[in-house]
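Presented sequentially are two complexes of chain A, the first with chain B as partner and the second with chain C.
Right, the complex of A and B next:
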């Protein structure tokens, strides 16, 4: 205990080390602040849309309810969906700045509506966000390198090493205390601003615990790597260079190579093809006998088979049927696209097993539900809601039930599926495993 | 001069002998090579894919049977963004923009299927391209190699020997700088080779190739000067290394990330849903085509009747529904343009805020320069979107005019009740084949230069600042020896 206290005093008296920890604290605080501001902006946008959407539906209802035609109602009424930021989104904004978190759909073909983009400045999205995940994954290791590269060699180069080791009771305890105090300093600089942010955002306790574990595991990896390099007993300069090179490889080069490899191994051309296919399938209906469309529709929706047959005149139920048939024609491509996005994400997790920076990035975004999987989950939610919309309008359309003013309020309302993130066990295990691996390598080398 | 060369020669020999530095150099040069190769392959693949898709979309459009023109308005068309000339060098915002827009009547759809949305989170670590290597990785490697170049000699005591032997501080630093510059050229050679290849083989403009190469040379020259100057000023190589890694982190990693946060706070963007709702609201305020007594459309009717000198709609020589469609599209399109201009104005305001940070980081300048010259910046993207919208409007109005002139009012009115009227309301498929193709123009050379030159000027300013710093460090060396 006394050795810990002595080390803590020593650390505070070292101007450069204290400055570094203060600097990391400041950067973390700014990142947490920026994240909270961004989440508040997104929440405000979602809140703003509610009344606007209500007014829009009321305006459609005002004229469409006069004719009482359910086709008009189903065609012209848009229904809002939204994906509220999770209680941890402030720490890892993730894909929320490149894909929409509010989307309106109507009961027409879904595949033409689901992939709509958001108004965003691509030049602002390009460098990525300055959020907590960025500070932890990219910047924290640089501070570890700063504080640990000369742990041993610094004393030796200052000519104090022998005197120091002779004056302390146990060299192991001495270096242990030094490592513990420096590591704790970094941990505190990251954890305190995060805890304040979590308190403001009301983050669930288990997620707070999980994030603290992730911080601990990732710091531990870099500290162990730092110690292993330090044990090689070269100059402080060589240590710093080796560690910075490792940082460059692990957080810049390997992920960038991984991205290229994954995207070329799993090409996603289905997206663009899907758009063309659905459009063509929908419009084909105008040029083939109506019965052909209706038969295709009844195959998947036999419950409407016995409704009144179509006549020569235009009927909305035929119109909505061919939209549904169009969606079904593109269904296979849509599924492959959906699975392809998830498969890319799965491969990035595999890369994370050997790249702690990637694992940490993915773990934080999984916890915050801001990763591609969460994005897909939102799309699945929209898909389910769109199904509800169809089931709501179809009885009016197929049974020629008039659609009154009051019916507009009966339409299903979107319930956001609170995608709650999940405990990133495998990714954490990956970080711990890599830490052990590096540690074992260091022990083996020093034995030799 | 010969002193400078001999210092440089010595330094290079030292560099080749040091296994670590040589390995680093070779590895990063290989990385640049791999980046150039994969980036070029990816872009070529994308270019072929997009050309094929655009061609298929054109064929689909032309293969439509006889149809009512309004059906074709809803059948719509696809505009696919062609790949740009130097995208293999710097893909810029390519991954963050959609590449395909569905063009149809009454709606302005977004460009969809951008890469960032369909990639894993790895895309956020940066895409492997020659631009990433030269902007981000090369300076850090130069820091590793160069941090100890002068400070290390000071620690070993050889610096004082050289100075006492009559080598001037300026010549010493110039020699070291020359050696480090040579290392920078080795790392970046594959990227320059790619630039040259793109200039020769593709549609890239030679001026863009030359300016891009010049910009990257200036950027690497700045880092070389800074590294030598800091190494000459620092007492120990370790503190030089720490200071330089700090400067690198600040300029290359931190500033580009913080700038969007500042920009987003100063010029917020609306969501697409809000814009959609606003367009619908404004449209209803202008004139409600569903309301037979709407004043706007009543006035339009009077104006039309007067223009044709008739009393009743039935007496018009053209199909009034087609005229209404023309007028309606004009209204919606003016709103789309108004809101899209507002959004782009906000984005450009954000861009100006982000560009202003060039005063603290030369990386901001090289990013702007490189993206602009590669035609992968917001400006080029906006140009594509605006041309797609103009094409959409033109196509839809051509079809609406056909509805007014080639479909009789009687058939148009009866088409949803009677199959024979519906058959008569279909016009010849020949018309679709006569429609123009989407053929977007690239940003003009003047536009590109106009946007690139300020960034180049900023970069040269940084080089001059670096040179002044190095010169001062050289003078201090002389004083310290005296």
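Right, the complex of A and C next:
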């Protein structure tokens, strides 16, 4: 304890080190603040849906209930769905930045509606958001390099090494205290702003503990790597350059190559194909006999087969049927897209086993329920809700039941599934494994 | 069994140190008693630094025996380093800290809690000007740095002092001050080993001088009479050892 206090005082006396820790603290605080603001903005947008939805439905009801066809109600009524941010989303915005978290759907073809979002500049989204995950994964290692690259070599170059080691009882205890204090300084700079953010967001205690574990594991990896490089007894400059190269490789180059390989191996062209196929199937219905569309529809929905036959005149049930046929025509592609997103996520996780930066980022996204799996879960929730909408409207459409004002209130309401994040055990194990591997390589190398 | 040097603060017997195929120390034996200054004189590559590292426990003997206050530095480095104050050729302190803060830090490294009045008394003893005590040592001369290091040794109450080229680069006045300090520490019972290539410097202060060449003591001279050493004879014997 005494040696830790002594080294803590010493660290604070080093202006550059104290400044580095303060700088990391500030960056983390800004990232946490930005995350809280973004989550508050998303929550405010979600909170506005309720009243707006009510007003919108009231306007449609006022118009559509005046002796109109139930198809008018089904066609013109939008139903809101939303994906509320988790209590940890402020720390890792993840896919919430690029995927819609509010979607208003109609009982029409779903596939064309699923990917509708507000127009944003994709290039602006490319670098990602400045959130806590960004600070931890990309910036914190630079501060580790700053504080650890000359830990040993700096003393040797200044000619103090022998005098220092001759002054201490245990050299292991001395260096251990120095490493622990510097590591603790960085941990505190990351953890305190995060804890404040977690208190503001009301984050569950287990998630707070999990994030602190992730911080600890990731810092430990970089510190061990720094110590292994320092064991090579090269100059501080050479150490700094080696570690900077490792940072480039582990946080930028390898993940980028990995993602290119994954994206090439699991192409998601289905997104584009899906939209085209669904639209083609839908639009084709205008050009073919209605019976062809209805026969296709009845094959999968025989429960409506014995309803009144269609005439040459326009009927909403035909319109909604060809939308559903369009969805079903694209069903296979939709499933492949769905599975492809999850498969890419699974391979990214495997990539994380050898790149601690990727593992750390994925671990935070999983805890915050802002990963692709959460995005898919929201889509699945929309699909299920859309099914309810169809089941609600179809009796009116196919049985020509009148749809009055009270029926609007009977329409199903979306219930968001609360994605709560999950413990990223395998990802954390990957970081710990890589740390042990790097440490073991360092020990082996120093014994040679 | 009692050996000849038993009871000496530093006792090296038949020490051999090899780095791979290269033998750096070749059956070296020497002893330094409490209250004695031993000058280990040698040129570059003679094995002076390796001898110091073996005493400090940074290098393990290939064979032979090293004891410091009766302890084996390889087996008990903590106890040995507690007894030793090591002052390198260029006393490297933390430039951003003052003399007072440096001494405080290094004493805490040795698990000692320095009292301010003790520290000031040590600074006075070594002759470090009061205005320098709280000044960052970045502006210190080599002599001032050495005084700071010796003040540290005093405060550590080290019974063994290892001085590596202590007077190189010091002006005559600073050398005289330094020698006076060493004499004082000797008088207080410290065993002092000075490792140097400066024959004249060590002759002023040492009680015995060993000539180290190719990792072994080639010859040894003991101070005698009021003039202590005959410089001419000292030089001749050193030259003979180096030529051998």
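Quick note on the criterion: the second predicted complex is superposed on the first by the 434 of 448 C-alpha atoms of A that agree within 3 Å, B and C clash if a C-alpha of one lies under 4 Å from a C-alpha of the other, contacts with A are read in each partner's own complex, and residues count from 1 in each chain.
Convention: a contact is a pair of C-beta atoms (placed from the backbone, for glycine too) under 8 Å apart; a residue touches a chain by one contact, two chains touch by 3 or more.
Please read all numbers here as calculations on a predicted model, not as lab measurements.
**Student:** Looking at the overlay on chain A, is there a clash between chain B and chain C, or do the two fit?
**Tutor:** Result for chain B and chain C: fit.
**Student:** One more residue to check, A:10. First (chain B), second (chain C), both or neither?
**Tutor:** second
**Student:** Counting residues of chain A in contact, which comes out ahead: chain B or chain C?
**Tutor:** Larger number of chain A residues touched: B.
**Student:** In the overlay, answer first, second, both or neither for which of chain B and chain C A:372 touches.
**Tutor:** Only chain B is touched by A:372; chain C is not.
**Student:** Considering only touches as defined above, state whether A:146 meets chain B (first), chain C (second), both or neither.
**Tutor:** first
**Student:** Determine the nearest approach in Å between the Cα atoms of chain B and those of chain C after overlaying the two structures.
**Tutor:** 14
**Student:** Mind pulling up the chain B residues that touch chain A in the complex?
**Tutor:** Listed in rising order, the residues are 20, 24, 31, 34, 38, 42, 49, 53, 56-57, 60, 65, 67, 71, 74-76, 78, 80, 92-93, 96-100, 102, 109-128, 132, 136-137, 140-141, 144, 147-148, 152, 237-238, 241-242, 245, 249, 253-254, 256-261, 263-265, 268-278, 280-281, 284, 288, 290-291, 343, 346-347, 350-351, 354, 371, 377-378, 381, 415-419.
**Student:** Mind listing the chain A positions that touch chain B in their complex?
**Tutor:** Residue positions touching the partner: 30, 34, 37-38, 41, 45, 48-49, 52-53, 55-56, 59, 63, 78, 80, 94-95, 98-100, 102-104, 112, 115-130, 134, 138-139, 142, 146, 150, 236-238, 240-242, 244-245, 248, 251-253, 255-260, 262-264, 268-269, 271-273, 275-276, 279-280, 283, 286-287, 312-314, 337, 340-341, 344-345, 347-348, 351, 358, 361-362, 365, 371-372, 375.
**Student:** Would you tell me which residues of chain A are touching chain C in their complex?
**Tutor:** Touching chain C from chain A are residues 2-3, 6, 10, 13-15, 158-160, 162-171, 174.
**Student:** Under the definition above, what is the set of chain C residues touching chain A in their complex?
**Tutor:** 53, 56, 58, 77-78, 81-82, 84, 86-88, 90-94, 96-97, 101, 105-106, 108-111, 149, 162
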